[in-house]
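As written, the chain order gives the labels A, B, C and D, with residue 1 at the start of each chain.
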Amino acid sequence: MDRPREACGVFGIHAADTDVARTAFFALYALQHRGQESAGIATSDGVSAALHKDMGLVAQVFTEESLGRLSGHLAIGQTRYSTTGSSHVRNAQPYLIETMHGPLGVGHNGNLTNAPELRRRLLEHGVGLTSSSDSEVITQMLAAPVNDGREQDPDWEARIDQFMQAADGAYSLVVLTRSAVYGARDPNGFRPLCIGDLPEGGHVLASESCALGTVGARYVREVGPGEIIRLDATSYHSISSNAAPRRGSLCVFEYVYFARPDSVLEGQTIHRVRQRLGEALAAEGPASADVVVGVPDSATPAAIGYATASGIPYTEGLTKNRYIGRTFIEPSDRLRRSGVHLKYNPLEANLDGKRVVLVDDSIVRGNTAGPLVALLREGGASEVHVRVSSPPVRHPCFMGIDMADSEQLIGYTNTVDEIRAHIGADSLYYLSQEGMMGAVAHEADSDGGHCNACFSGEYPLELDGYWEHRDKLAFQSAWSESE
Amino acid sequence: MDRPREACGVFGIHAADTDVARTAFFALYALQHRGQESAGIATSDGVSAALHKDMGLVAQVFTEESLGRLSGHLAIGQTRYSTTGSSHVRNAQPYLIETMHGPLGVGHNGNLTNAPELRRRLLEHGVGLTSSSDSEVITQMLAAPVNDGREQDPDWEARIDQFMQAADGAYSLVVLTRSAVYGARDPNGFRPLCIGDLPEGGHVLASESCALGTVGARYVREVGPGEIIRLDATSYHSISSNAAPRRGSLCVFEYVYFARPDSVLEGQTIHRVRQRLGEALAAEGPASADVVVGVPDSATPAAIGYATASGIPYTEGLTKNRYIGRTFIEPSDRLRRSGVHLKYNPLEANLDGKRVVLVDDSIVRGNTAGPLVALLREGGASEVHVRVSSPPVRHPCFMGIDMADSEQLIGYTNTVDEIRAHIGADSLYYLSQEGMMGAVAHEADSDGGHCNACFSGEYPLELDGYWEHRDKLAFQSAWSESE
Amino acid sequence: MDRPREACGVFGIHAADTDVARTAFFALYALQHRGQESAGIATSDGVSAALHKDMGLVAQVFTEESLGRLSGHLAIGQTRYSTTGSSHVRNAQPYLIETMHGPLGVGHNGNLTNAPELRRRLLEHGVGLTSSSDSEVITQMLAAPVNDGREQDPDWEARIDQFMQAADGAYSLVVLTRSAVYGARDPNGFRPLCIGDLPEGGHVLASESCALGTVGARYVREVGPGEIIRLDATSYHSISSNAAPRRGSLCVFEYVYFARPDSVLEGQTIHRVRQRLGEALAAEGPASADVVVGVPDSATPAAIGYATASGIPYTEGLTKNRYIGRTFIEPSDRLRRSGVHLKYNPLEANLDGKRVVLVDDSIVRGNTAGPLVALLREGGASEVHVRVSSPPVRHPCFMGIDMADSEQLIGYTNTVDEIRAHIGADSLYYLSQEGMMGAVAHEADSDGGHCNACFSGEYPLELDGYWEHRDKLAFQSAWSESE
Amino acid sequence: MDRPREACGVFGIHAADTDVARTAFFALYALQHRGQESAGIATSDGVSAALHKDMGLVAQVFTEESLGRLSGHLAIGQTRYSTTGSSHVRNAQPYLIETMHGPLGVGHNGNLTNAPELRRRLLEHGVGLTSSSDSEVITQMLAAPVNDGREQDPDWEARIDQFMQAADGAYSLVVLTRSAVYGARDPNGFRPLCIGDLPEGGHVLASESCALGTVGARYVREVGPGEIIRLDATSYHSISSNAAPRRGSLCVFEYVYFARPDSVLEGQTIHRVRQRLGEALAAEGPASADVVVGVPDSATPAAIGYATASGIPYTEGLTKNRYIGRTFIEPSDRLRRSGVHLKYNPLEANLDGKRVVLVDDSIVRGNTAGPLVALLREGGASEVHVRVSSPPVRHPCFMGIDMADSEQLIGYTNTVDEIRAHIGADSLYYLSQEGMMGAVAHEADSDGGHCNACFSGEYPLELDGYWEHRDKLAFQSAWSESE
């Protein structure tokens, strides 16, 4: 698919291990696909906290020197792609402050739909804010005492609960205090969060299970919707939030595109679910063709599934430049006309004279599919039949994936046949919503529902006033610091 | 003298001039001697604010690109040497936040003696703090509404006044809001602050008058102790704070060493006052000698004054490497033995066989005077008589100059004769307190007093509890961001 | 496979196009897999030359600003992984000098086996050398006049020919002079080099054809062994070198691992050849298994070929972290034990309880295969049968791929069964040399031979004295410049 | 004066001291005033060489890490301001190459007037050049064997001599080979170079004696015109060049402005010579005035001399911003009008109502004097009488100080009275040539002559063809590397 701006990955650890920062580093490395804009780790040794964060990929942000300063046995980490808040180190996470009861750090994956209201409350209370990040809002809200400030000791669980009762929207949080690490997931459970344990003792929290394997942790279970988890020296503890319970709404787009294929959600390996999506697609949208190719790398599992179910041989038809990084060099007009070649090239030997099924996982803006179809034809394909392993994306996401506004979504502005013509395919078929949900729910160990609002428009949350308020009271200052 | 860690310089401007940031840049450049650790400028165009700050000298922090982003007709700037708060970009100033009533920025020169108490109040109120800087404390305090929050429009003057009633210690502030620039000076008037106007319209505030000349502004007057100044489009307005009035306590060390020689305080050019200090020193501490030399560059005016009053010819006896920057290269032991040569060299032709009076402005830790005496002897001086144009520094400063703790002050731990022996001088004389105060007050247009606590131990403020509280509730987190 | 240190990619262009540097940038971007250590582009506008090069990936080395300074209608570019010469910007290419006849630039892919002898000749002639790079040797040799210096105009073709008569070993060159671009390939044709033309006029040279598609050029043909090509404003011209002709020796490892799958060598798409290697492997080394998986990404085509030929279903069994960059963070011992997880994770859903064929393209040092086998077992595989689509690598390469010395090659120090035991596979089969050469030669449009010395030990060149001289006269200085 | 672009400083050391690089660092630090554009150090441990150089001030170029890599007991260093060659790291020095006989490094202060001819010879010989620097020319010339290459061992002294016979112009060289350090000074002795010894054994070479004191070395003597010095483990050895002897021509501008006041040339401390220049100026150009002030810092010694001789009291009338660094921020037009204030401010208390003698050391382009006169008037001076302690600069320098071309020299294009009017002074007097030369020669221990061509136009060298050839064969490539 043409990439949405991606969400975030979070990680937390409580372990006697003397190098929790290093463990967090490798966990973030495994979660890099969830956010490439900034990365950070905060640690606590039970007395004081330390933080390092910066713009860039995980491997660029940290050095042995900066990791070395992050001592302690508690850590949280985050890797981020901006959903709200501009691209600036001020918006990088975790966010760390000093409170009456010591340091407090927060890493966040999601999007608060009532952030303007929460910002207003903080500002009215006289708390100045330094960024446009939801994360700062959450951290400052957690700094506010509960029970009219009469708490003797900081009751962090009550504070997290208080925040959850006030907040609307999607969030999976990791929270660092002087002596504990907490995780929390919104009552809808929009964004994933799971628990692992370390063979030598200690527990971890991670957005996706793929990070567990990387750091040698075993998968325990998911954090439930509306659940608060506290990690301490010996175990993990579950606390139920008093926030109103809601219908489970795990983001189906995590299955379709977002999560790493080796992660497990609701008991199912993502790769397997994507193969099933491809199988369902083959059943619904058959094609007379000689080969099945996928858009590398995200659509490869669905393409394999399509090939298996249809009996049409699978092969590779497009190569992808593995060394794509951020280049700020603009192609000239002449080069732009050869466009998608910068990233993909056709494999003529596998395409020449063939009728090709091109499997993609989704179409968002519709900028990529057309050039890919043209590339396949250039590589000699006699016919190109596009099959998409999800329905048309027709609605914006307010739960943490900044896909686009409606007008930018080709599935909102065009019929399927118009899209087919636009991308120049011989035929085009999108998997039905029923087909998608069937493949997703097939082996899920949860009986909860899912959020598929970007396809269906059925948002599991009230969004009244979201639009009106979104820009009001928004952050009106814009600044740059430290370069 | 051997340098104290220095304080800060602040600047503010309100002018229709379309490039107030550039003006602020050159003003900070002129105030560079007051702080070399970090620099920053915040601007407002009446709608939104912009900030750029970073570690380093003014000329290093700003580029045409970063200046270009600082649009508006209002600006404040700061250049800082840490007095409290560690050396980190988080502690760089100005500090800028979003409030209920738009952006709020603060630049600060001084030291709040009740900062721990003020921090505690903020933390209890639920405001998380991100740094150990007084500046953040001040900014968040200004964000708190007055009158129980019932103000319709932000009454910034009342908020600044409210802060001044709560704060103890030394501060000269510049404050930026969406549509105005404010200046304020503590009721003691410890740190200088003056007003200038621009020929083409507009007003400025600056720590020292030397910055006015640099940006083409005319000196108007000083901001008075306990006075709040508001700059608007056409003029400046004076508001009296309701903070308890106090006896004037302008820091006498600004005269002795700190301020630039071309600045004017209390109607007196600093250079002239330093010459008078040298004249008084010659009267009190005569010497039989052939030449008078000063420690370049700060003691040159006093040396000239000493020469004039004593009739002994003035000459230069030491050269100073003009290109001293921050080098992190450590001399080897062999080189260390030749120590002060890295910065100073003797001028043998002016010293050989001569009896020399070496004038210095002050002695703080006593590390520099000894090597300088040795250098003069190496250059051929037959006798070296050290004359200091201020009394022994015996007490720490809590008003914004981080000299040292008592035990590090050679004037606290040693008698004058011990110091003479320590530095290897043939004779040593310190100007008396009376002599110093007489030279300082001679032509002062203010009838206020001065703070000379570092010499006399008479602090113009209650410091009860300062010591006990200083480290309590202090910032217990330590972190690094964006490296 | 476990990666060898890789060779280099070169590019040349002569086009009225006003932005040849930009075209070269995107071509190098497409050749990034051939070298990730440094990149550079040199241009000429017919009067003077310009160069920009630095350490890093292509996208990191160039900015709009640096590209903008590279004006002209001629350009050469290079991206490098050090084969000889240490990792330093001094060894980055192209190498550009001033000669009697204007600027001269050289980009080089390969390894001169008589470089010490050529260095000696230059040093004896009084030419001081600034680096340990073959490229500087070549450039200074080209600067030496032919015919006893009596040439009126620079006869660059004769100079290139003179160099080729003196040089032994592997090289594909691009050469920039004030008014022409040349390409040349050693008489063995070890490293690839091809010609393309641009629809709007102009010609290009590139190490691999994949770069042609990226910049909108059409493939014309390969540069032949021992051939010199001159690009001018309207066409390309072929000149035969007087260097002794040799048997064709295109590197077979380009087919096995090195070249991009979408490149064409000897008329064959690399991806197709790799599929054939997989098919041959299935015929020679069958396995009783449930699924075929490849080591991503390089062994995927061979795995598909194996699956097709064997009838065993193809699937993905390992995921690879796409965001691997250069991290200098070392895993702790605890993390190291979970080792290869940093880069790969198993896909349990596709492995659990299955007998798995794992196809790899080659095994060099043998560090990677063992952990991958363990990962598959951890993912649930009941049996793991490793199949390698090339024979054991037993001999070092002196033609431009710095694999390792013999003692480091597991195929040199161990029998196949020892290797099987070492990597913990249930069975291990390497494709035979006959099988490999058959698959490689199957559709090749060239009747030339190939170099497979790393497998067979049969070097197509005399290497007498290479070992003795390699370190003699080698560069004994080591320095760092510009940080 | 308004600053000329400055020349260079060189340093060499041979000492058993294990940290010669550190010693070289501090020596370059002391020579920083001679060049602020780049700095570098090359070392040898008797086997191999190491080099670090970069753009920037000495303190910026070196870190503990880069110094640490510079091992050995031999070192040369250089700090440079470009006289020829553009501002680029390629032109930074020392220049280090590999030759038949090991590493060879060169640091250079001066300007070869026949550099184009020497470049031509090298290029004809087939040596490609990578920069426009004289230093590369010298190094490659030294690499050429003497005696038709029949030397068995490298005869570096003969090679240096051979170079000196071929070269015209100004040069003070330091040369590093594998096992020795050499110094050489052109037969005119245009640029200074002196020898020192270390108390603990070992010898050094330095452009100015001020660097000796800084590193704890004792002054031994100057290197003579046309002399070659070899430093070895125990001593220094003098070799006479066979280059044609010439009349001594030490640059008089070193006395007037260039050298540090604490350096000794021809047995005279520079500060003392400058005082004498001021005394002579007072005798020739008296003034009725109340105070004497100098342009800080370079004219301060002459102002003290003027005051002493005239009996008019000396004081400071201008302050200089000590923190001037490289700022790339351009003042706005409004600020530009207040111009010189960025660097200087007037001391009103010392000027108000006074008749002022302003002593400057020289006037080159005439851009600075006018604004300074205006500043003094702004500070209240009733009259300003400018006195210059050298004659008008009327001719360009070809011996290593890039002052300006004739048309840019205000002394060439204007009469003294026109200049007086231009700068707005009440009177203007330049010291006569006789007066200057008398003060310079007064105590000189050398009977050699001096070069005062920039004042007199009498060049001690044939410059035939310099102008015609200067641009011919010059470096026609322009490139940027590593950034």
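By definition in this document, a contact is a pair of C-beta atoms (placed from the backbone, for glycine too) under 8 Å apart; a residue touches a chain by one contact, two chains touch by 3 or more.
Bear in mind that the values here come from a model prediction, so they are computed numbers and not experimental data.
When each chain is reduced to the average of its Cα atoms, D sits farthest from subunit A. Distance between subunit A and subunit C, defined via averaged C-alpha coordinates, is recorded as 36 Å. Centres computed as Cα averages put subunit A at a distance of 49 Å from subunit B. Spacing of subunit B relative to subunit C, judged by their CA centroids, is 61 angstrom. Multi-chain contact residues of subunit A, defined as those touching 2 or more other chains: none present.
Here the touching chains pair up as A-B, A-C, B-D, C-D.
Interface of subunit D with subunit C (complex): residues 42, 47-55, 66, 69, 89, 92, 96-100, 102-104, 120, 123-130, 139-140, 143-145, 149, 475-483.
Per the touch definition, subunit D reaches subunit B in the complex via residues 17, 19, 22-23, 25-26, 29-30, 32-33, 36, 57-60, 62-64, 67, 200, 210, 213-216, 260-262, 264, 268-269, 271-272, 275, 297, 300-301, 304, 308, 313-316, 319, 321-323, 325-332, 334-335, 337-338, 341-342, 345-350.
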